[in-house]
Amino acid sequence: MGLIKRIVDRARLKSPWILHFNTGACNACDIEIIAALTPRYDLERFGILLKGTPRHADILVCSGPVTRQTADRVIRIYLQMPEPKFVVAVGSCACSGGVFEGCYNVGEGINSVIPVAAYIPGCPASPKAIIDGIVKLLASLEEKDKR
Amino acid sequence: MSTEEKIQQELLKRFSFLDGKVRLQRAKRLFADVPLDDFAAVLEYASRELRFPILLTITGLDEGEDLGFIYHLAREDGVTLNLKINVKKDGPSIRTVTAYFPGAEIYERELVDLLGARIEGLREGERYPLPDGWPQGQYPLRKDWNAKALKDKEAE
Amino acid sequence: MLTALFSILVFPGVVFLVAFGFIAEFYDRKLYARMQNRVGPPWFQPWADFIKLAGKESIIPEEANPGVFKFMPVLAFASVASAFLYIPLWREQALLSFNGDIIVVVYFLTIPTLAFFLGGWYSRSIYSTLGAMRSLTQLFAYEIPLLASILAAALLANTWSLGEITVFYSRHPWLWVINLPGFAIAIITLLGKLQKVPFDIPEAETEIVAGTLTEYGGKLLGLFRLMMDVEMVVCAALLSAVFLPFGLSLAAPLGFVLFLFKIFAIISVLSLLRTVFARMRLDQMINFCWKLLAPCALVQVLIDLIVKGVIAR
Amino acid sequence: MHDIRIPVGPQHPALKEPESFRLALSGEKIMEASVRLGYNHRGIEKACEERTYIQDLYLIERICGICSHAHSTCFLQAVEELAGLEIPRRAAYIRSVIAELERVHSHLLWLGVAGHEVGFDTLLMYSWKDREIVLDLLAQMTGNRVNYGINTIGGVRRDISAALAREVIKGVDALEKRTRYYIEVAKEEPTLINRLSGVGVLSRQDVLSLGAVGPTARASGVGRDVRKDDPYAAYGELDFEVITDKHNDVYGRTLVRLKELLESYKIIRQALDNMPEGQLAVKAPRNIPAGEALSRYEAPRGEDVHYVKSNGTDKPDRVKVRAPTLANIQTVALMLEDRYLADMPIVVAAIDPCFSCTDRMISLKQKRQRRRVMRWEELRVYGIEWYRSRGVDFSRLNNSLKL
Amino acid sequence: MRFGRPGKMIRQVLDSLIKRPATTRYPFVKSAAPEGVRGQIIFHPDKCIGCRMCMRDCPAGAITIRDTGNKKFEAEIDLGKCLFCGQCVDSCIKKALEVTKGFELAQLDSAKLKVVFNAETQKRPPQET
């Protein structure tokens, strides 16, 4: 049984499908996420595909401070995703509300609404920083599987 | 005699109550304070005869006990005329300008939501820009309002 | 009995098909990425995707009919795998063949579209219902030209069995050139059957999220994706058997390599077309198929009948 | 075919940003469309009143990630007019160069997104690969790929050295070759043309009445461009043409944006060639004297208007931002009526909406029969609501999660 | 409905098959960021005189200067809030803050985002975050 579990875990790390949701960001980080899929950075070499529906996705990549209106949308999307699922917060707004903290319609970043696995600071977080963040997340999962 | 001064003279000639209230701040920037009840006539005159076809936007101001609305009009050659009217906070409601500028609907809906302006003749539609769950009677752009007021209102 | 079981289960059967399907998917995605100046996925990507999907929790929507919802991927995969048995790979003789097996193969290759429709319709989400309706309307558009071009080749060979078609064309080497326009039409309509970009309207990612597959996740989605890869291989094999019948009398290893080369060539053409075109709207696709492809296919049938008449005298 | 209402968004692969549409379909035809935005409303105008001008500069710059220089320069022109500052000519030239480079990267970005919306992913991959050239140049000149932060009150923070100018000219030459190739593709690739022409038609009269701006207006023959009508920064001394087109549809907007790229390259070369010498910035007071100012700017998507009112302290009394997409969003409902569902993403993408600029919405237009939509019902059929009626019922779950 | 000559991009697409892909293999091949790019902000405690001009001008309130006795100061920069705009570097009259090109700042737990610069962190070399 151990062998099958190890194979499934390795497969899970080699094909992380991402779903992108912009919870009220200035869309600089969203552009950088999509730019990471284009030829110069090409996330597909890690097996990463951008998927449209939460049913198909493993990693929810969120950018933007959670505005009041997107708060319950983010929760619904997070609940739609099948286990095992992770959330990556891209950009300073997603990490902590960034420059919009204190505005009346804005929360304090993604972790105030759903559990976040990795934080990628930057305003916007460059495609290299996003790749670095995802690689670090996958590496930490690998260690967890080994234990 | 640049075009801006010509427009200023025509305005003053047409509406005597405006003299002393039309300022030429710099090239292409005309500011005018207009009393509330003649506003419709001035707007009609500006958009038709003076050929100001574009309404850039409507700015809402909270000036102590009354609300200020600035209608920014612009012409093809770049000259902008900014008409300002004042309304008491609990005073009469103002007429919508969608008759002259169909695009003004959004700007007026934003005034209603953020400043609590009362605009009659506005078509029924989705609220904007605040979320649906926003408590009634909270107008974020009012000077006496701040984020904490909302948080403790929700705490009740 | 044992060899029959072996050939059904292992060699031209399921195991070979699954492995070949994954290799074909990798080849298609790598070529697609390279043509976009990107590096593209590693070789094991399709395997990793399938195993990961198998390991994920699969959610059956509450209002969906669980029976139909679960059975559709299995039905689709079974029909596509069994179609492969009737196609002569590199010897003239397919595993099973009887007079009329070309109709059976084409019928088996239509079942996946039906499975898409029922799967989408029964998962009750607005997007998958729309996707299901679109996949059916699309079926009527591309099915006629595809059938006409394949049957044109069959008419010329005066038989309904795939095996005899290949035998006929290897005896008259220059006759298959006449079917080249039919081959071009078949490739274009194949894009419709495999829902590749110019015609991937049911699964249009930017319009209706993921079309019929919106509600599928986990194991069922994995099976559906595997079915689509295998369908690509089977259709390519069908086209190569009907339209490229040369090199069938070679010895086993060389013949097999030539067969692989033919299939990869067809997949490369599909990949190139997928890279170079924008997606068509449904009404545009129906116009394109009915106003351009169907008449050409009928002309192709006419040519074949005339040539058959000439040869018969 | 009964009338089905399909909610699209707020999370949707076609829409980079959260906005939700409710389209009433009969078959594939859209009978009536309504856009519900406000997801991006962060309350920036209120936040501006609570921060100093220097902090506001960085907040205003982050209204929209793509046209950050547009908002920051527009805001600063108003503040500098209030403070009576005359920025050095060199700073005006540097601002114009960065503005045009931003227009280049924004239009290339739009070309890729338009390709993606109609399923032509190769165009997305190639145009964004070329966009990386501009982003590298901007990163070298300003320190960041987007949200440059090169402006400060009274001028600019960084200089463009001669070596950097040569680098920019080299980059611009390479991009010009690529842009000419894209114009050829846009003019000859039939599958792309069929998806773009005849879609999202907007007549000249609609543009004038609804007040559309930017490439959306120029594609319908209305030659309105703030760089020509009300020149700011260094545009008074640079010569370029305003591109207009007669197609009135998405295809026309594609051509207008591509040809505008060629104009931008011309402007960048001119500005770099005769860049005057001089200091970079003028000393700015911390407290801005009382007054009001209106400033206009030609952002990549259209005319951007800022109104700033100051009261003598170091915090502005009122900042009003009217983003270009707000003026264009009104035309979306008009363009969507009796089009195909498949056209919805490209029509929306055609005005190159930047909802983070706008967080605006348009009203629901009841076309034929008057349908009374219940308040609660309307709340339920909402953006992502169609997930809820499938799978787990979240309304019971929602209150258990901390919100 | 225009049919015309389809496949305009075929030539371009085929010759990128032959060319090397334009992908930089980022995590395996570390390529330096372009010159002049603003990355992580670092703080030199010895130069700081505690005027807190940087705290006043920071748009996101990311930097906090704390007094650690006898005119020595330490700074805590919250990478989750910082915009990397460099305004604090310009406002600091003593040049105690400096922009570096470090951009690999991703963290798995949010506590690590708050980076503290004081006397003893000065000795340790800036560890690879």
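In this document, chain identifiers A, B, C, D and E correspond to the written order of the chains, with residue numbering beginning at 1 in each.
The rule we apply is simple: a contact is a pair of C-beta atoms (placed from the backbone, for glycine too) under 8 Å apart; a residue touches a chain by one contact, two chains touch by 3 or more.
All values derive from a computational prediction rather than experimental measurement.
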item	value
Subunit C reached from subunit B - shortest hop count over touching chains	2
Centroid-based (C-alpha) most distant chain relative to subunit B	C
Chain of greatest Cα-centre distance to subunit E	C
Selected pair, greater C-beta contact count between B-D and A-B	B-D
Averaged-CA centre spacing for the pair subunit C and subunit A, given as whole angstrom	35
Averaged-CA centre spacing for the pair subunit E and subunit D, given as whole angstrom	26
Approximate Å spacing (C-alpha centroids) for the pair subunit A, subunit D	25
Subunit A and subunit E: spacing of chain centres that average the CA atoms, whole Å	20
Per-residue overlap in subunit B, given as positions that touch at least 2 other chains	130-132, 140, 146
Contacts with 2+ other chains: residues of subunit E	1, 3, 6-9, 13, 21-23, 25, 33, 59-60, 83-85
Sequence positions of subunit C contacting 2 or more other chains	33, 35-40, 59, 205-206, 209, 215, 275-277, 284
Pairwise chain contacts under the document criterion	A-B, A-C, A-D, A-E, B-D, C-D, C-E, D-E
Touch list for subunit E against partner subunit C, complex	1, 3, 6-10, 13-14, 16-17, 19, 21-23, 25
Parts of subunit E lying in touch with subunit A, wherever the complex brings them together	21-27, 33, 59-61, 78-85, 103-108, 110, 113
Subunit B-touching residues of subunit D, taken from the complex the two chains share	34, 36-38, 41, 43, 45-46, 50, 81, 208-211, 224, 226, 229-230, 292-294, 296, 303, 305, 307, 309, 318, 320, 322, 326-327, 329-330, 359-364, 379
Subunit D partner contacts - residues on subunit E that touch it in the complex	1-9, 12-13, 22, 33-38, 56-60, 83-87, 90-91, 99
Residues on subunit A engaged by subunit C in the complex (per definition of touch)	7-8, 10-12, 14-15, 38-39, 42, 44-45, 47, 51-53, 55-56, 58, 82-84
